[in-house]
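Same chain, two partners: subunit A is paired with subunit B first, then with subunit C.
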Partner chain A sequence: MSILTVDHLEKIYEGKVAHKALDNINFSVEKGEFVGVMGPSGSGKTTLLNLIATIDRPTAGEILINGKNPHVLNRKETALFRRHELGFVFQHFNLLDTLTVEENIVLPLTLDGESIKEMDKKLQYVTKKLGIDSILKKRTYEISGGQMQRTAIARSIIHKPSLILADEPTGNLDSKASKDVMETITAINKEDQATVLMVTHDPFAASYCHRVIFIKDGQLYNEIYRGENRQAFFQKIMDMLALLGGDNRDLSTVRL
Partner chain B sequence: MTFPQFVYRNVVRNKRTYAAHFLSSAFSVMIFFVYALFIFHPDIKKGVANVLAIQLMTAAEVIMYVFSFLFVLYSVSTFLKSRKREFGILMMHGMTRGQLNKMVFLENMIIGISAIVAGIGLGLITGKLFLMIGSQVVGMGDLPFYFSTKALLLTAIAFLILFFCISLFTTALVRVNKLIDLFQAGVKPKKEPKVSVLLSILSAILLLVSYYLAATATMQTLVFRMLPVIAMTVIGTYFFYTQLSVFLVKLLQRNRGLFWKKTNIVTISSLAYRLKDNARMFFMVTIVSTVAFCAVGTLASMNVMNKQFDKAFPAEISYRAVDDQPIHQQNLKQIETELKAKEIPYTMNQVQLKFVAIASSTDRYTPEKIPVISFADYKKIAKAAGYKSIEKPLVGTNVLEMRTASFSNWEEITYTLKQDQIKLAQNKSTKNVVVPMQVIFQSGLVVSDELYAKLTPVDTQTLTGFYTKNLEDTAGIGKGLVEDSQSTVTDDHPFVMAVSGTLYEYQMTMYKMMLFVALLIGAVFFIAAGSFLYFRLYADLDYDRRHYLTITKVGLTDRELNKIVTQQLLLLFFVPIIVAFVHSAFAFMALQSFYQLSIAKEIVVVLASFLVAQMIYFFVIRYRYLRNLKKTLI
Partner chain C sequence: MTLFSVTRKNIQGNFKNYLIYFLSMIFSVVIYYTFVSLQYSEEIQKSIQSWETMRSIFVQASIMLILFVTVFILYSNAFFTKKRKKEVGLYSLLGVRKKTIGKMLFYENLIMGAIAVLIGVLLGTLLSKLFTMMLLKLLSSTINVSFSISFEAVLNTLIVFSIIILFTSIQANRLIYRFKLIELFHAEQEGEQVAKASVGAAAGSIILIAFSYWIVFHPITEQQLVQLSLVLFGIVAGTYLLFRSLIVYLLRASQKNKSRYYRGMNLIGTTQLIYRFKGNARTLTMISLLSSVTLCAISVGYGGYYNIEKTARNWSPFSYSYISKNEVFDHQADQIILEDKEHPVQGKLDISVIQVNGDISDLEYVPYGYAAKSVPTRLIAVSTYNQIAKVLNREENLRLSGNEAAAIRPWQDNTFSDYVGHTITLKLSEENHSIKFVKMFEERVLGWVSPDIYVVVSDRLYTDIAKQVKPFVYQAYKVKNEKSTIETAKKLEKLLAKDTELSTFYTMYTKELESSGIDIFLLGFLGLVFLAATGSIIYFKQLNEAYSDQERYQILRKIGVSKREVLTTLSKQTLFVFLLPLVVGILHCTIILKAIFGVNLAEKTIMIPIFMVMAAYVIIYLGYYVLTVKSSNNIVNK
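And now, the complex of A and B:
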């Protein structure tokens, strides 16, 4: 069964000038897949993620996560849904700066009222895996960008959600930290069978995905699969981006 | 961690954000507690004069409580607004509405309880100081510091209830429909303020009419006009801020020559924006400041009543004997002895009062008899008292009303005496007080000397007056003869005596007490007004930072930034104060109708001190705000 199904999704922003951000988006993600969404600025990728994450409401269409449509739930059920089924890794980390690293990570479990023992067990497991068990007691302004992002990742997986949503996870990081983060996400995806949907404009980050969906001006444009080699996939992504950004009459630069 | 642990840590580690809210709550608690200490102080409870003081303080206590409620509610709602993004994150992680409510409730209770503890603690420390000042003011000698458990309990319980209710309220204030609104709350640009010309004109009319009514009020009309004027002023001020000021600034914007000149473009456009946004805050600051000014100003103006004392008592000690008993000689001798013992130089005179029978009068209530005094005797009293008056001697049946108080509303009355049905028409009053009301107890007449000789009295009494230079010196004289400086006629007390010195002391004490209470209330209100400004400023700090960052990228010197910020702060700080000044000025004009002497000096002192306080506040805040802004700019 697909973990995520997006069916005829549409989002129009009302106002003095109405703006159609997403137009007839259809795709699905299977369990254990690592899917990337790419597109130029203003293409609607963040809007798409916001809709899936229940942060915003679609104007038309349906989203099914694990067979359930989160947008028809009442407020309490939505909150529980977020707590149990979704995990978030966002560009600006969205950590609470009044809490330490470990407190940030266990936040979803705290809200669920889990026992301290259970929380500790899961915390140990997750932080060891991500290599941040040494900074648990530190505050968020005392750690580096890469560590902050790994904290966010830890928070997003500690409650074993069905779907992990990532919005530009490498956006604020240098190349080494980016590599660390992408390898971490790949590891979680492989070892824990965690399904990941990642929005990015960084081709390096996208090359870690199993497949990448391209969006232009709110509409699906193309989709390419990884195959065996990550470097070749990286090149294919670059070519697709060049096509997206340039004129249709440009010759493709696919190397023979 | 557990949920309560989470809430607790969230609060404790966010001290910067909560600091202002915590401090203002603690301050409210402290003032309330100090007042309660006064009210429950065992030493203050004794003393008849202080019953009024206790009543006043209790009333002030209630006012303070209601005000604290509104004030804390306002500061809490300001803080909630600035935390929308944080709430978005929490809800994104699956916090239910119920958990959010619980969190907000717990936070408020934690802060509230800490504020109560801090406020009471501060109150205990400064309580001694207040008691010292208070006892000086009341003139009671040093009040020892008495720890009243009643005061403590009252404060703690009252504020626990307050914070509990507010915590419940605030959960209703957090509105969550779409999470994206919470995230974008700080980033979304604010809508352009819209203006209704009709409401602008309405506000102008309301204000002008209230000013006119206040300025032309007399003592009689004041009571009727007071409530409508207050209502009109409040409504007019509200629309003034939400409508008229935006309208005016928009007019400014149309004038390109002015608008597009140097930094004006930034200042004026931010103004138009801010005015609508801050209209409600301006409105509250103005009303609260006006209340503070009026409270203190009204009480300060009563000082004038003290100055008028001299005019109300021609003789510093008056003694009216109702018959001819020898006891009067004794009493008068005693007064003289006491005056001599105190080495107070004095003069003494005696005049005769004839009580004549009245057949009828045009007054609502016809007395059986009224006291009459001859014009020559009136002149004698006036001269001894040192009053200068150039009144023509009376002839025939012309009479003057015998003035018994500095300001009196006498009416034109015609008396018909039983004796020969003589008609006496009273249509003017003497310029000076002849006999104080406290001595004569009724109105009377001054008649021409010839008529006086002809009148046959039903009763004759002797009025003795002792005249000294300073009325304060006579305080305490004749203590054995009168308690509290006044007396009523009884069988073993066949005389009426008034010692103006003692009366003056009494009035001064009352006045000082009321002034003390008013000052405290005025200070609290004024500080609250300042806090409103502070909250507003710091709630918008994030937005302002981004705003100025954008402009600096275009190219803005430090001096220009200072100029823009200063101009805006000037308006934010002083527009409400000036409007409050104007409101108060008209209120005082109405108040002046109560007094003969001018209250201008007192009013000016009060308003000037508030202005100075506001200016100091302005400079302090401006310095800190600019420093804060520049931290993010390069």
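And now, the complex of A and C:
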């Protein structure tokens, strides 16, 4: 059963010179899949993510998340949809510095008025899994980048969304923390059957995916599957990126 | 690129910050200039009869304004500088010399100040006409107001603001020298630590405030000044601790209740407030104290204005009254009063009065400058009193017999004590005579003359005493429209000699009107300025916070919080910040009114004006609230 279906998606930015950011994008993500989206700068990765995240509206085509099209909902319903069906992990973590780690994680649940008991149960489960149960009472500026991202991941999965959207989750982290975070995402993907769509520049991060979709100039360019060996997959991704061209700056240095 | 063009580009790029600072400078100039030009206005001088005494009041008020304006400009300057520290740091980092930066900041501030003064004076000229008309209206004057620019007022304003602006310019110049580069870059994070709540300080605030309130009702010392300073200290320190510790403590305690705290946006609202409170404690204290001072001032002023007629009627219950000296004068006076066709006579009385010495030591009240053993006491027969009551439309049919008497509360008796049951002894040439009060009146019957002890006695006693002491007779008139009897009152004043105790309602009324009119105008003007200032300070503060909260709300929006929910929590937080100082301010004000002015709050004539003032204040304040929520919402919910 596919969680996300993207069907003939098109996005044109109006302006003095209209710009076609996405052109006829089709793909789908099955339940329990971990999919990466890569491409050079300006290829339309972020536009795609914004459309799926219901932050932006497509010009043509449709997106179905769990069989529902969020773009036909009104504003209030859209907010609710986002809250229930989607979980977000951002490059800049987007944690509230006024709250403790615990409060940040349970935030989506408080918005839905869940019972304290239920909240506690879910919090225990999630934080144990992500190995952050010892820092619950700390504030966000007291913990490391990797811990912050894991807190953000905990927040994104605590309400069991249909789809987790990750936007450059390792973009702000060093290699050790990147590895931790990617392993965390892999773990929740494997053990909890969470469906993840991740946009990234980082071939290392992408090598954790089941498959990677490449976009160039707003169009689907290619798609490669992982197979058994992560090392080989990483090499394939590197080759594909070289083929894609684009700026070298876009590629982070090799680290494995 | 010259220094000047950098400065100009600076202003263009940072327009919003500059605008806020610029507007508050203009506001200060407008307020000050308007007020000073009133002080120099010829129209006002003409319509106030006792201008010389009023001038000193005006000067005092303008000194208060200078103080206020200085504080306000310094506050907005500090606010403005804080926002720009990073920019200044950046210049320095890029290699601009400190001297150059200092010069740039100096000129920038100076030029802005100069323009603000210019605009302020122009706007002030328009406003001063408006305020002159308002003041003259309050004084019931009919003089027409012309447009004019008072040279003296301009000069006065220029001097005051040159000093203030020069001072802030020098401060701006010193900015780059005062701080290390690293401090300039971290300016925005100042005061953002999470507020700690100490139980001791929280309890201290309650104790301090409760203690000072207690003193108000139970004086602990005879010395007024000591008493007052104790109360003020308790209130100021208590309020500061209240905002700094008690509120944070209570908010923290509310976090313990998880089922409430973890519901909907409560989590966000509560933490935001706690997070912000420490940096705001001083501002909120200032605002609640300013509010209470403003409310007190306007309440007192308006209370006086509201009760002018009542006060004047108590001073001079009849339209005209004087002691009859001989028939020629009486006839002439009668002619003058009858000739005045616009004010037909509604009642005329010959009031016979006897003055003897009395021993009033049984009473709580002793007139100032007299010994209680021997006070001139005036007697009125009960039948005369009933006639007076009828003419003055007081429903009273008093019957007294034997040694029974009725007291009329003297003008200056503020003891609120009841005379009924007490006795006084009249000292007659043959023997002393004791009379006992069975009734007490609050409303007076004749024009005021010190010591103002009037006693109503039975007709028989009156005739008895009249045999020993010769009575004298008041001629008393009640006319229609007594508020406008200017000509008749003046003619009578000319005709009658001083020892006739002439008292006219008109004179008393205009005197009261003038002093209360000026009072309410000055207090109202200052009150309005304070109100505008408190409102603006909270407004700027909240806006500033909205800017720094922008990112947080964006995160919430991304997680799936709807715009409506953001607006709701924003309104709640803002309401908290607005309402708290207002409630504290009103509470303090009520106590201060009681403490300083001895206002009996239960009295209806005082309750109504105070209530009206508070209602008006709350309404304007709410206007600021709505504006603040709207602007902040525009910032965070773009």
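Assume the second predicted complex is superposed on the first by the 245 of 256 C-alpha atoms of A that agree within 3 Å, B and C clash if a C-alpha of one lies under 4 Å from a C-alpha of the other, contacts with A are read in each partner's own complex, and residues count from 1 in each chain.
Here, a contact is a pair of C-beta atoms (placed from the backbone, for glycine too) under 8 Å apart; a residue touches a chain by one contact, two chains touch by 3 or more.
Not measured: the values here are computed from a predicted model.
The superposed arrangement places subunit B and subunit C in clashing positions on subunit A. When the two structures are aligned on the shared chain, A:56 is found in touch with subunit B, with no touch to subunit C.
Touch criterion not met for A:16: it reaches neither subunit B nor subunit C.
Contact with neither subunit B nor subunit C is seen for A:176 once the two complexes are overlaid on the shared chain. By the touch criterion defined above, A:108 lies against subunit B and subunit C together after alignment on the C-alpha atoms of chain A.
Contact with both subunit B and subunit C is seen for A:79 once the two complexes are overlaid on the shared chain.
Once the two complexes are laid over each other on the shared chain, residue contacts for A:98 go to subunit B and to subunit C alike. In the superposed three-chain arrangement, subunit C is struck by just one stretch of subunit B from 242-250, 260-268 or 332-340, namely 260-268. The intersection of subunit A residues touching subunit B with those touching subunit C, taken from the two complexes, comprises 53, 55, 75-76, 79-84, 86, 88, 94, 96, 98-99, 103, 106-108, 110-111, 113, 116, 119, 155. Note for the complex: subunit B touches subunit A at residues 1-3, 6, 9-10, 13-14, 86, 88-99, 176, 178-180, 183. Of all the residues in subunit A, the ones that touch subunit B in their complex are 50, 53-57, 75-76, 79-84, 86, 88, 94, 96, 98-99, 103, 106-108, 110-113, 116, 119, 155.
In the complex of the two chains, the subunit A residues touching subunit C come out as 53, 55, 75-76, 79-84, 86, 88, 90, 94-99, 103, 106-111, 113, 115-116, 119, 139, 155.
Within the complex formed with subunit A, the subunit C residues making contact are 194, 258-259, 262-268, 271-272, 274-275, 552, 555-556, 558-565.
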